[in-house]
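Two complexes are shown next, each including chain A; its partner changes from chain B in the first to chain C in the second.
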Partner chain A sequence: MNFTKEISGDITIITLALVEASLNESEEFKNFIYDNCGNEAPKMVIDMSNVLYMDSSFIGALVAGLKKVLSKNGEIVLANISNDVMALFELTRLDKVFKIYHNTDEAINSLK
Partner chain B sequence: MVVKTGNLTLEIPLQITSYRFFIDQCLDFANKNSGLGKDFKRTAKFKLAIMELLTNAMKHGKVVSYLDIQCYQNEVVIKKIDNGERFTFKDVDTDKHYDFPIDPFTGPSKINAILGNNYTLLINIKGENEIEFLEPPALDYLSLDHVPENFGLMIIKQCCDTFHYRYNEVLAQNIFEVIFRF
Partner chain C sequence: MKKKILVVDDELIQLVLLQKVLENAGFMVNKAQSVLDAMDILKDDLPDLIISDLEMDQLDGFEFKEILLNSDKYHNIPFLFLTAHNKEVFIEKGLSLKAIDYIPKGIPKEQLIAKINNILETVKDQKEQSVNELKMVADRLNLKNVPSKNLKFKNFQIDIFHQTYQNHPGGDFIDLIKIDERYTFLVLGDVMGKKWGAWFFSFTFLSYIRSAIRLCVFDGNLSVAKIMQRINQVIHADDFLDDIYSTLSLVLIDDEKGELTYSGASDLPLLKYKNEDKKINQYKSKGLLLGFFEVGNFNEQVIQCIPKDQLFLLSDGVIDYEANGVKKTDINLFISQLENLLSEEKTFDEITSNIFNKEKYQVDDCSLIQIKRI
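Up next is the complex of A and B:
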């Protein structure tokens, strides 16, 4: 499994079990997000602690997921982003679009 | 005098199972043969550019392509070369579709080109078979709808110093050239 989910109250914590998040997994990930935001106002934490490399395709899937979740009045936040991946977020200015937290505890608390 | 200090060519398969394999090889090679150095930001950008070139190869190539790295004391030149479909783009303002060789080529001109589904990038048309990707204006998304879901070429441009596409008519080759200068 490239992605796992854990439910904590009304929050879904999705962990990316990937070192490289790329074109190979981007479509699967987008569908995973879509499949897990069926309820009203979904709240999601994406734990990216395993990811060392991410490409534009995967970040595009994250953007698509964010659009879907926000369209349902939900929230999606990111946690545990490595320095290299953060460089990608900064280059694309998506660090201003996503809510990013140092760890999953902070991310979960932000949604409570 | 510009002295080449090393050259590395890697074949990119149709399906990449390990980006890391390529990125680490390229980074090691550039570190040993150029002044790329250990600066975190520069290294991160170098790795991102390699990753995006690999993704571009896998996404659009549909043929085996090559990554060619030439090192000099003060720069690294990375080329992604393939014989797949030519790069095309459209002028946002005139809706004109461009293919290579550009005919008629009436002289250098800068246009705002639409690439992929919903993002634009400034392009300088430098010749009938050459364009340069230019620095995008400051990115400020007006709303989430304005955030693109594909922006590989934009990322490459933001990582490097110069970024060109050239079409070699004789060899029917697409060449994306990325240069890092120190």
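Up next is the complex of A and C:
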């Protein structure tokens, strides 16, 4: 599986098993987030520790997922972003759009 | 790049033998001992061809083919039956499933490889034909997201490099909107996504951008930050673009004063090469992705230029590349390459042919615009 999830209380932790997150997986990922949105105020942590490269298609899917979750008064936070992906997020101000944490523990605590 | 084949057979010996034959012929092989295993593999890895046994426990080859035909994601994958039966069995069931390709078990390996190559070649030809037809229609409708004509300025020269990805149109879009002899807007956007999907939406974004610029100018507003916010507002309100996002660099060229004003939405920095000190400076904008928030936090920066200064706008395809099978995003590498070439006074054509070459495999469509103060 490209993405796995585990539930901790009311928080869904999604782990990306991909090293390169790109167009091929973007639609499936967007649907994965949509499917896990539940009814109201979903809380999600996305663990990106495996991802070393992310293309604009996948970023688009991530942003679409965030918009969906925000529309339900929920939150998506990101954890364990690699230096290269973080550099891209900073360059394109996506670090201002997403809440980003060093590790999943910090990310989970932020949602409690 | 090696073609991938998924082989499905419940007999392990048959599976391994076929794998060996196919790998020796230069294919990459994934193998599955049941339809359920095959479906698991397909979730993560789409092959160029599936070869499946007909008779298997639980789900057989016909049922497998039927599942694939009912799936938007898998129904176009070429499919080849491997069977000990004659064609009568397909006449009974297979033809209704569009299962027209089969190979008898025990076929000599040369014939097997020839058959596979034929199928893959036909698929490639059909794809190329479809793309060419779409391109012809787009040309006839005058649908262009990159201008075919350049504009002349007194104090500037603009050069545009745009390269498609795998010969497919993509999400990058460029426009030059001349207001009068003094002012011209330069637009570079990138719809997130690749190939035809992104290309299609680029026209919607371009229409909004052109309209917003014209309407703001009619109202006497030449502030690029305010124009960006106007563009952002309409895109935010459009449900059609609900989960489609685009970056945007917007530059107002003042040909009288010889200066530029720049604003951006989640775009890459504007680069300015000062001929005096042979260095590139980055101008980072503050604006967020078009349409995501109702207010996009756009700022604008006035950039003074003296003759021989060169400015560059770029899409993300410029800094994304694949080397030794690994994909990377590296703006610093691009800047240092560009700085070196500019200090050697290379022309724009020399710069682009030097940076975008076969050694640095492109992974997206890419656009680079040079604005040179003359």
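Just so we're on the same page, the second predicted complex is superposed on the first by the 112 of 112 C-alpha atoms of A that agree within 3 Å, B and C clash if a C-alpha of one lies under 4 Å from a C-alpha of the other, contacts with A are read in each partner's own complex, and residues count from 1 in each chain.
By definition in this document, contacts are C-beta pairs under 8 Å (C-beta built on N, C-alpha and C of every residue); 3 or more make two chains touch, one makes a residue touch a chain.
Source: prediction; values computed, not measured.
K.L.:
Judging by the criteria at the top, classify the pair chain B and chain C on chain A as clash or fit.
P.N.:
Clash.
K.L.:
Between chain B and chain C, whom does A:1 touch in the aligned arrangement: first, second, both, or neither?
P.N.:
second
K.L.:
Based on the superposed arrangement, let me know which partner A:60 touches: chain B (first), chain C (second), both, or neither?
P.N.:
Both partners.
K.L.:
Quick check for you: in the superposed arrangement, does A:83 touch first (chain B), second (chain C), both or neither?
P.N.:
A:83 sits against chain B, while chain C stays out of touch.
K.L.:
For A:94 in the superposed arrangement: first (chain B), second (chain C), both or neither?
P.N.:
both
K.L.:
Any idea which of 61-69, 187-195 or 223-231 of chain C is the one running into chain B?
P.N.:
The superposed arrangement places chain C into chain B at 187-195.
K.L.:
Just which bits of chain A does chain B share with chain C as contact spots?
P.N.:
Shared contact residues on chain A: 20, 22-24, 52-53, 55-57, 60, 63-64, 67, 84, 87-88, 91-94, 96-97.
K.L.:
Given the complex with chain B, which residues does chain A contribute to the contact?
P.N.:
Those in contact with chain B are residues 19-20, 22-24, 52-53, 55-57, 60-61, 63-64, 66-67, 70, 83-84, 87-88, 91-94, 96-97.
K.L.:
Considering only the defined contacts, which chain A positions touch chain C in the complex?
P.N.:
Chain A residues touching chain C: 1-2, 20, 22-24, 26, 30, 52-57, 59-60, 63-64, 67-68, 84-85, 87-88, 91-94, 96-97.
K.L.:
Mind listing the chain B positions that touch chain A in their complex?
P.N.:
Listed in rising order, the residues of chain B that touch chain A are 15-20, 23, 40-41, 44-45, 47-48, 51-52, 54-55, 58-59, 139-141, 144-145, 147-152, 154-155, 158-159.
K.L.:
Provide the residue numbers of chain C that touch chain A in the complex, in ascending order.
P.N.:
For chain C paired with chain A, touching residues are 43-44, 46, 171, 190, 192-195, 198, 242-245, 247, 266-269, 284, 286-289, 292, 297, 316, 320, 326-331, 363-364.
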